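Below, chain A partners chain B and then partners chain C, in two separate complexes.
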Partner chain A sequence: MPLMRHSNEVREMAGELGKYKLCVSARSADKAILKKAQDGGIVTQLFKFALEEGIIDGAIVAGPGDEPWRPRPFIATTVEELMTSSGTKYNISPQVSWIKEATRSFGLDKIGIVGTPCQMQAVRKGQLYPVGLRDVPDKIKLAIGIFCMENFSYQSVKQLVEDHAAMKMEAVKKMEIGKGKFWVYGQRGQVVQLPLKVTHKYEQPGCHVCLDYVANLADVSTGSVGSPDGWSTVFVRTRNGDDIWSKAIAAGCFETKPIEQVKPGLELVTKLATEKITKNQKTVEERAKFGVNKGLRNPYLGPK
Partner chain B sequence: MADKITVGHVHMSGCTGCLVSLADNYGGLLTILDKYADLVYGLTLADVRHIPKMDVALVEGSVCIQDKLSVQEIKETREKAAVVVAVGGCACYGNITRFGRGGQPNQPQHESYLPIGDLIKVDVYIPGCAPTPQLIRNVCVMAYLLLKGNKDQQELAKKYLTPLMQLADRGTEACGCDLMYDVVNQGLCMGCGSCAAACPVRAITHEYGKPNVNREMCIKCGACYAQCPRSFFNFDVIPEFEGIMDAIDAALK
Partner chain C sequence: MWNYTGIAKRTREYHEAIILSKIVEISPTTRHEGHSKLVLKVDDAGIIERGDWLSITPVRGVEKLAIGKTMDQVPKIASRVCGICPIAHTLAGIESMEASIRCEIPRDAKLLRIILQSANRLHSHALHNILTLPDMYLPGTDTKINPFSPQEPVRSVAKRIQRLREIGQTIGEIAGGEAVHPSNPRVGGMYKACTQQAKTKMYDLAKEALVLAHEQMDFMIAILRNYQKRDWAEVGGKQIPIPKTLGYHNQGYMAAHPMYGSSSLDECPGWNPDRWTDVRPWDWYMGEGEVSLADPSYPIGGTSPVGTKVNPQMEACTGVPLYDGSPVEVGPRARLVQFKNYDEKGTIGQQVARQMEYPDCLYTIINALDEYNPNGKVLADHIPQGDGSLGWAANEAPRGTDVHLAKVKDGRVLYYEMLVPTTWNFPTCSRALTGAPWQLAEVIVRGYDPCVSCATHMIVIDEDKRLVAQKLIQ
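Right, the complex of A and B next:
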């Protein structure tokens, strides 16, 4: 199938920012959520609202794991459990691994899930082509995507924090990638910034073929880029996402500003998305000629 | 009536679980039979003794090559059906029958089982043990649109079915190892966890974000690889998930 032979074709099909109905800058109106959130607390607030309203009866989130800053995907069925999941962990959390179990032993009928763009892709593939996911397709009620430029293995983050930033993992309060730096904030107030150049070799290799920055396939997607500190950029994408977002707004869950009125706004989001897709599309194309008269697989052309 | 397609269920060395999965579409199956398809053959459900001509054959189970009748029937299925669909892990990949090696009464010589694609050309795969009711349903609806729909519907059906046809083209071997050979070893795994969710026997766990397959538990069904978003990810279909799900829902109303 002659899919994606040219970069432009992908552009059109994937689109840098995907389809959306609405884009705003927003933050939660709940002080307790904002205190622990990575950015505007959009993910935690929207799940909290959806849980309380019975729109979902559980959400697959990334909570604390066995080691400091190592996420563990789990199913939060109460607001208390949900609150333990706030904040970005910059390493892999296999969110989708719980998606069938949520409908089995957990008995959920209305599932929420948060994840990176690739995880939103996995959810939608699972809905349209459910191979091992019986009864899952109809039970996804709120898929929240978070923007993502790249991810890291746990060992990579540890290397960055302990070796490059010379801090103990357990002493870190927050990590953040923004303004061209990898920021590590200590519990005692110290701040270390690493140039992104240092982090590149630690990136998860599978991220280099990823053609989605702003979680194009989510119901609602959110990230920090484009909005001021403490605020989030939010895309409301599907009919379902629009319905839930409108109800949450009506219930006073969020403060919002039109995206056109905030700096740096959509221009920067578009720029970063374009850079990511262009760079990774090139990687995808180079894979075709990786060897001598032989190449590497291209998942966008088929399973062979 | 005239506008329906004809469908048969062909039972090779299977467990009938694939047919149960089709039936587990409940009202959806009745709608399909009312509006889109006539079941012209299926020994479990209808009293038609011999394989008739049909548009779509849903074949479950693998083929015992020491059983003459089975070999004859799979060949006949290919002759009689316009589209052959391998339904379930056994028909696609051999699945649990990969472990068959004979020696049991009262046919100790029945020892060799092959996925149907090793004996005939197969057009579409629906992997999974059991395959999901929803995927069987989608393929039935899309097969109808392909054969009886207008131009747009045919186009959609073709796009939808393409990766399932490509899986059929890819081969007849499956294992949790596919995740290593064709995803991790290829630099494509991004740790989403879909493979672990798809595995029917919980043979897959994630260690620091990457799949770890317990190969002693793996029954070689092929679900993990097919479900992995880095096996196939067709950008001309999946991003249209909202519209396509609506269309399928509407078709089954």
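Right, the complex of A and C next:
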């Protein structure tokens, strides 16, 4: 299993950030990747390297869907296909739905998958408890997690963009949640910022019980928070992730800076992670007393 | 409703007969799929005069519960009849629906189904080797083969069998979506086309398995020929004489195709529903009786104790399908008899025929892959919803012809019937028991590679094709 066994190899900076071996601020050395990337192009660059080196023979990524800014998970087996999946889409992309099919009609032996913290949890659970996932556990070769505070339904994002930000979905060049705002950048140069308070009622309710901010169970996790614009914060977590990351560094795929030398750095990541977990932990606890003399299910406790 | 006078008469005749002979019962039988038993009437020397091999697997009634369900759902349920040959039931089920609604599937979908079919046959025959080998001897010795032994040469054989099965399952998984209960087939074709990469992987695996399959076939045939030359086999510490005519019968053979199958959509169908009739087990099997011979040393755990009541007529959980009015043999030998003039009778002839099918599984996969276009269409443009016409599809399952018949109207199943290989073989194999020492009855049974779960269903159609009895819960 890719999860680390030797705890002495792992620096536990804080429980909120999970176990990891290394944390850096990084960006891809490839200009073409950076041009389309949400932040430092870590996911696209790492999958590109893994594909080219034969570490994986395909990756489940979030590509363009039927409507603008609606993601559709698909299995990229070439760098060209991979490049179409750059950029964050702030609504649900059911990544894990392809995990078995990748080993079937696609004939893959070494699968890469990118996803949010919950999707990394699904991958790991599938590896340890493969219910209806025959031949999947040993074929996951690179799981890249992205930081995630919460997600939205497509209808929610459409409402935010078209009503609150007054922009057509197809006119949007990039969306971003950062610096306490929901940012919408138009193709023609417009920039609209919405206070996060506006977005709260549109959040997917299932996100409110999530206790993972920085994809604790991934081989490598990455996100924008903690690093400057155009750069990403990267946690290298497992032995497998470390092996691939080191090779990618040696191959000159990334520029890196020690996380201690960048602003706002890990302090902000820790702060946001703590906020997410504290808030959602409270929601989880409240579920136990949701009704009168009865509560709602708590998946972290298991069946009684 | 039933003819009690007939049963009473039969029972009386039967009681008269057992004054001179004894009844021994082996229950349950082992090293085959499902739950069955042998009720054997033997003479003083322990030679079987009349044997009844019958299913005692609980009837699950798939055909009955299929009625009213959608044509897409029913084959997925039918698949769960058996986990060794789910491919047969999935494909026969889907193709019977396609035959009823008259839907032609695209060529590349058909090729994927053929690959799936052949891969499953490879795995199934290899699995059956494991079940057969403990009856057999290492040539030139009096040592029986334990396939789980860590000693050579057995260990390498077991590894080869496992690799063949692994390859069969992996190819099936790629072409069919899943090795056990394939998910890819659907009414109208397949859900997913295989990519070029998947095609290459299947091709490499098939080439690897082809070499192993030739080796395994040669090995198994040598083992089987050695058994044929022996005068006795050891069972429970006793030397039991092996008759030269072990497992001979005079029933006919039935096969729809050497490899894949046939359906009512074909120009020249390989099976004819007009030649099929069903009889009830109580018309065919022995009636009430009592075990009068027991052998506690029969491995492992002995036979049923003296005094045990038996009643195959009532206990049998299968119908008895007949072709041209008589039981027939289906399976590898039937295919070779029908299509390649194979002429060896008996249990060993049957086992040899099974081994001879090994290479064909892989040549078929390789040829189908050569023709397969990864960019081709795998779903029919138009899938009719059906007008209630009868359609049937026969799939040549590892164990023989698996015929499913269906009537679909407005996308729903009005009628569904499964005529499964082991159902055809039950009465035939029972006949083939005659003349063998009762201790070798299971060896004869295993020659049929029985799949008793598959065989167990209980809708009986009389000669005018009317539903005459349904025994779902008794």
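Assume the second predicted complex is superposed on the first by the 288 of 304 C-alpha atoms of A that agree within 3 Å, B and C clash if a C-alpha of one lies under 4 Å from a C-alpha of the other, contacts with A are read in each partner's own complex, and residues count from 1 in each chain.
To be clear about the criterion, contacts are C-beta pairs under 8 Å (C-beta built on N, C-alpha and C of every residue); 3 or more make two chains touch, one makes a residue touch a chain.
Predicted model, so just to flag it, every value in this text is computed and none were measured.
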TODO: Mind working out whether A:Asn151 is in touch with chain B, chain C, both or neither, as first, second, both or neither?
DONE: first
TODO: Could you tell me if A:Gly295 is touching chain B, chain C, both of them or neither one (first, second, both, neither)?
DONE: neither
- [ ] Kindly classify A:Val209 by the partners it touches after superposition: chain B alone (first), chain C alone (second), both, or neither?
- [x] first
TODO: Look at the residues of chain A and decide whether chain B or chain C touches more of them.
DONE: B
- [ ] Once the structures are superposed on A, label A:Arg134 by its partner contacts, choosing first (chain B), second (chain C), both or neither.
- [x] both
Open item on the list: After the superposition on A, what does A:Gly178 contact: first (chain B), second (chain C), both or neither?
Closed with: neither
Task: Partner chain in contact with A:Gly252 - chain B first, chain C second, else both or neither - done: neither
TODO: Give one of first, second, both or neither to describe whether A:Gly107 is in contact with chain B, with chain C, with both, or with none.
DONE: second
- [ ] Residue by residue on chain A, keep only those touching chain B in one complex and chain C in the other, then list them.
- [x] 101, 134-135
Open item on the list: List the residues on chain A that touch chain B in their complex, please.
Closed with: 1, 3-4, 10, 13-14, 18-19, 73, 91-101, 115, 118-119, 121-122, 124-135, 137-138, 151, 153-155, 204-211, 216-217, 238-239, 287, 296-297, 299-300, 302-304
Open item on the list: Taking the touch rule as given, give the residues of chain A at its contact with chain C in the complex, in rising order.
Closed with: 57-58, 77, 101, 103-109, 134-135
Task: List of chain B residues in touch with chain A within their complex - done: 21, 126-128, 130-135, 138, 160, 162-164, 166-167, 169-170, 182, 186-194, 196-200, 206, 208-210, 221, 223-227, 229-239, 241-242, 244-245
Open item on the list: Touching residues of chain C toward chain A in the complex: what are they?
Closed with: 170, 173-174, 177-180, 184, 192-195, 197-202
